[in-house]
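Here come two complexes built around chain A, the first alongside chain B, the second alongside chain C.
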Partner chain A sequence: MKVLTVNFLTCAVKTCKTSPEAFPLHFRDAELAQQDLEFNPEFIKNMLLRLDWNAFRVTTSELGFSTIPAEKPEGDALNDETLLRDLHKVLLETQVMEGKLVCGHCAHEYAIKEGIANFLLPNHLV
Partner chain B sequence: MKEYLIRFVQQHETFRRAEIEALAALFEAQIEILEYSDDTPFCLVRIQDDATARAIVGRSILTKAVYELWGRGLTYEELHEDVRRRTSEKWAQYRNCSFRFDVDAYQGKRNQKEQRKLIEGFSYLGFSGRIQMSKFEENWCIFEEWDNVFGIAVSSSPSLSPSVSTPSTPSGANTSSAAAAAASGGAVSNIKNKPRPEQPPTHPNRLFLGRLIGGSDREAIVRYDLKKRKYISTTSMDAELALVTANLALAAPGKLFFDPFVGTGSFSVACSHFGAHALGSDIDGRSIRGKGEGGIVSNFHQYGLVHRFCDSFVSDLTNTPLRPTQLLDGIICDPPYGVREGLKVLGSRDGKGKEVIYLADGTAAHLSSSYIPPKRPYSFERMQADILAFAATMLVTNGRLSMWMPTANEDFELGVPLHPCLELVSTCIQVFNKWSRRLLTYRRIPDSAVNPTALTNYQRDMSTLEAHASANDLNMFRRKYFEGFRPTTPSTGALTPASESDTTT
Partner chain C sequence: MSSRDGSTAVTYEDEHVHHVYEQIASHFSSTRYKPWPIVERFLQGLPDGAVGVDVGCGNGKYLTVNPKVFILASDRSQALTKIAAQHQPHAALIADNLSLPHPPSSFDFAISIAVIHHLSTPARRVEAIKSVLELLKPNRALKQESPNGSVSQSPDSSDGRALIYVWALEQKNSRRGWDEGMAQDVMVPWVTKSSRGTSSKPLKRNSAVEHSETRQSDLSKGSVTAQSRKGESLTPSDSSQTFYRYYHLYRAGELEQDVSDAGGTVIESGYEKDNWWAIIVRNSEP
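Let's turn to the complex of A and B:
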């Protein structure tokens, strides 16, 4: 599970969707892995437009990254290759291999095994 | 705008035009289709310039190449005259380049001697450069279009012919073999109306001369051949149609593509080939993980595309964890048809079991790592509607949904599902023996273009679509499949050409 993907996910429980506490999901007992991947500035720029920056800062601080700018880069900052490479490293190269994602609203836990998160809900939450 | 000849492959006919038009949209280029028919691989178009033509065809899977049109005619006299008229002022610039001259006779045969004679007929062009079979600077090709040996005419004026298929009817669809062509409505009537000739035709119907501008991406079919892929299943989409699907949905560098029924990742791999990043989910985690060293990601490793693999997670489309906002550039999927197992989503059949179950040691059952949530049967129509609603929510403006859906041939046809936020762009049909499947492609229209009344009505109608009991009740396609697609009582209403010919045989 990449940091980018987590920014696109919320709790699968329908009644949580409208709650601000359900997003972002919070990592618990996360085991991180780092993987070198080819850098694509175009993709990072495109994803920046869709990224929820506050949620991204919450996720990264929980995972121990401290150098994320307070404001979402815009305009000329998007041509700063160093910045884009740093974001590439966090968003795509950092993965959570084992652990849990927890909803801040209903407290439901989603397990991550071998990097694959399971969002299937038990019957009482459907 | 200049005239070009696109040399299509003669298979998956109903996908060809849709693919070229999608690629023109991808490159934000104008393309004017001057002459197109499902019966011939030769298509005449108008495109802005060589670079645009090269880009469009360079990404296509169902073409072989694109040529600058140098002339056309019904006879060689007409062709030579047209070549002189169109190109005589260009001849000098090619006088000294190395070149190659080919003959491409569709449904016809020309031996070496005949080919040579045809090529020498163009000696007035005055090319004195070296003739080279490879590493040539320029390549001309003579195209001949013949009636096939059964005397089934290739319609000579395709744009005016009434038998040309519209996107919504399968009557013009056929495969490259003549036997299969006979199965389609249009071809059947051709056989009846035209007596079989005593001898095979002696002259081609139409002739063209073209200068090669660029080739296509057909080699990708070999590269992504399922036979050589590490991780596949019985329902993996073949490489050719997966790549075509990715083209119709406009997969491209910098974009994020999602497959909600990712399976073994055939579509994800195809999207990544064209530069998109791939995200996928499946209700069955086993297909994502695979066995041992397998799994979806192993396919991305095999093709050196792992940098475009985003993530796969286990989820059910009706309870998706994706944040409901415009995050995706494209969605492509081949949803389960529910024939083997029946469609399933999370929930219990009777709607009961809404309380947490505790195991003997006092822990909740659903927190155990071996917990398997219950699933209930799901209606096929409901699934289609849910996919469209999902796409309407998740796609960025002008983002596309390409979705495969089954339908039977002739008497039985499932309707095309629609959504007020989605515009149907193309319908392509792949015909099997008793049934067909369609590839439906939609475009997310801008919010400002959505009709608010239609949206309100749609949402009201959807809330009345309710689940029934058995898998057969829920899935008309599944029921028809097990009935062997037998025709039901003939309808007395308007008959389609296909059913007319059916009743007389």
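Let's turn to the complex of A and C:
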């Protein structure tokens, strides 16, 4: 699962969805892999517009990335190809292959196996 | 079906929908590669950089249409999600369409193609449309109240919108031959060919219809409580297996009614190749 994906996920439990604590979900025991994908600067710029930067910072610090800017790049910074390539690498090419995503509100854990997260809930949480 | 309660419906759909797709995933996927034109048009018409969801993505055949948008695709079937995950630059995850793991009101678009007809009660079908609508950015159009008190909405082109597709009851020219007045809750067979002896590749590469299903008009008229006949072979060859999936076939106007009950407004709808479809937006909050 891509780092970008987590920016658009929250807990599947209905009562958590409106809680600020449920976003972003938190990685635990994450095993990372790198997957080469075609670099498309326009796509990265477009995703930057949509990204919740604070949530992205939380996610990347949990995964051990230390070089993410404190502020979301805007204006001229978006023409910096090195920066866009770095973000491409983090957002799209970094795959979480195994581990868990944990809700900060209800503490439910969602398993990630072979790169795919499973959000099916046990009956008592539906 | 309306007498069926929620938990019975969940068990029923587990056996007659989810379990079947898990079993037929790879063969099903090999027959699903040609996007339907209305879906293609919807996805290609999105602005670059739009972010949306594909609820019940199956093998992810719509993830190949537009690489300039980002789609979070989900399906109940682990086997199908695995196939869908191969399509870049998108994402695929396992989720139930009534418990989607996404923040509400945050997406530009959604599609849910040939999914909602698998839910086995009217309430759950409305709920499924509701959970798609909730993900969309709210309709920002100004409400216009006319002198007679009725309220009309004219959605802005930047409002989140969803495309929903369901199988139609009215398809008398299809090889299944269902039509107006017939039973709407049916079990539809899927015949898989095993690799033993026969090739598993699609017979008709251009066909958008489900070629590997055998017409069983007796079932379409029969009771939905028909037992799953997994393993029963319809052909003399023992290399094929038949699975039955539950469908609710929509009659004319029913999708529009469900959308309205779910708190949405239809901005465009129609009939294409044995299916009803609708492009919908959320109603503004009162």
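The definition used in the following text is that the second predicted complex is superposed on the first by the 126 of 126 C-alpha atoms of A that agree within 3 Å, B and C clash if a C-alpha of one lies under 4 Å from a C-alpha of the other, contacts with A are read in each partner's own complex, and residues count from 1 in each chain.
Convention: a residue touches a chain if its C-beta (ideal position, glycine included) is under 8 Å from a C-beta of that chain, and two chains touch if they have at least 3 such contacts.
Computed from a predicted model, the values in this text were never measured in an experiment.
With the C-alpha superposition on chain A as described, chain C and chain B clash in the combined arrangement.
Look at A:109: by the touch rule set out above, it reaches chain B but stays clear of chain C.
By the touch criterion defined above, A:124 reaches chain B but does not reach chain C. In the superposition on chain A, A:37 makes contact with both chain B and chain C.
In the superposed model, A:15 lies in contact with neither chain B nor chain C. Of the two partner chains placed by the overlay, neither chain B nor chain C lies in contact with A:54. By the document's definition of touching, both partners, chain B and chain C, reach A:4. Residues 1-2, 4-5, 8-14, 17, 23, 37-38, 40, 42-43, 45-47, 50, 92, 110, 114-121, 123, 126 of chain A contact both chain B in one complex and chain C in the other. Of all residues in chain A, those touching chain B in their complex are 1-2, 4-5, 8-14, 17, 23, 37-38, 40, 42-43, 45-47, 50, 52, 92, 109-111, 113-124, 126. Here chain B touches chain A in the complex through residues 253-256, 277, 279, 281, 283, 285, 288-289, 306-308, 310-316, 319-327, 329, 346-348, 353-356, 365-367, 369, 371, 373-374, going by the rule given at the top.
Residues of chain C touching chain A in their complex: 7, 10, 48-49, 51, 67-68, 70, 72, 74, 76, 78, 81-82, 85, 88-89, 91-96, 98-104, 106-107.
The touching residues of chain A, counted against chain C in their complex, run 1-2, 4-5, 8-14, 17-18, 23, 25, 37-38, 40, 42-43, 45-47, 49-50, 92, 110, 114-121, 123, 126.
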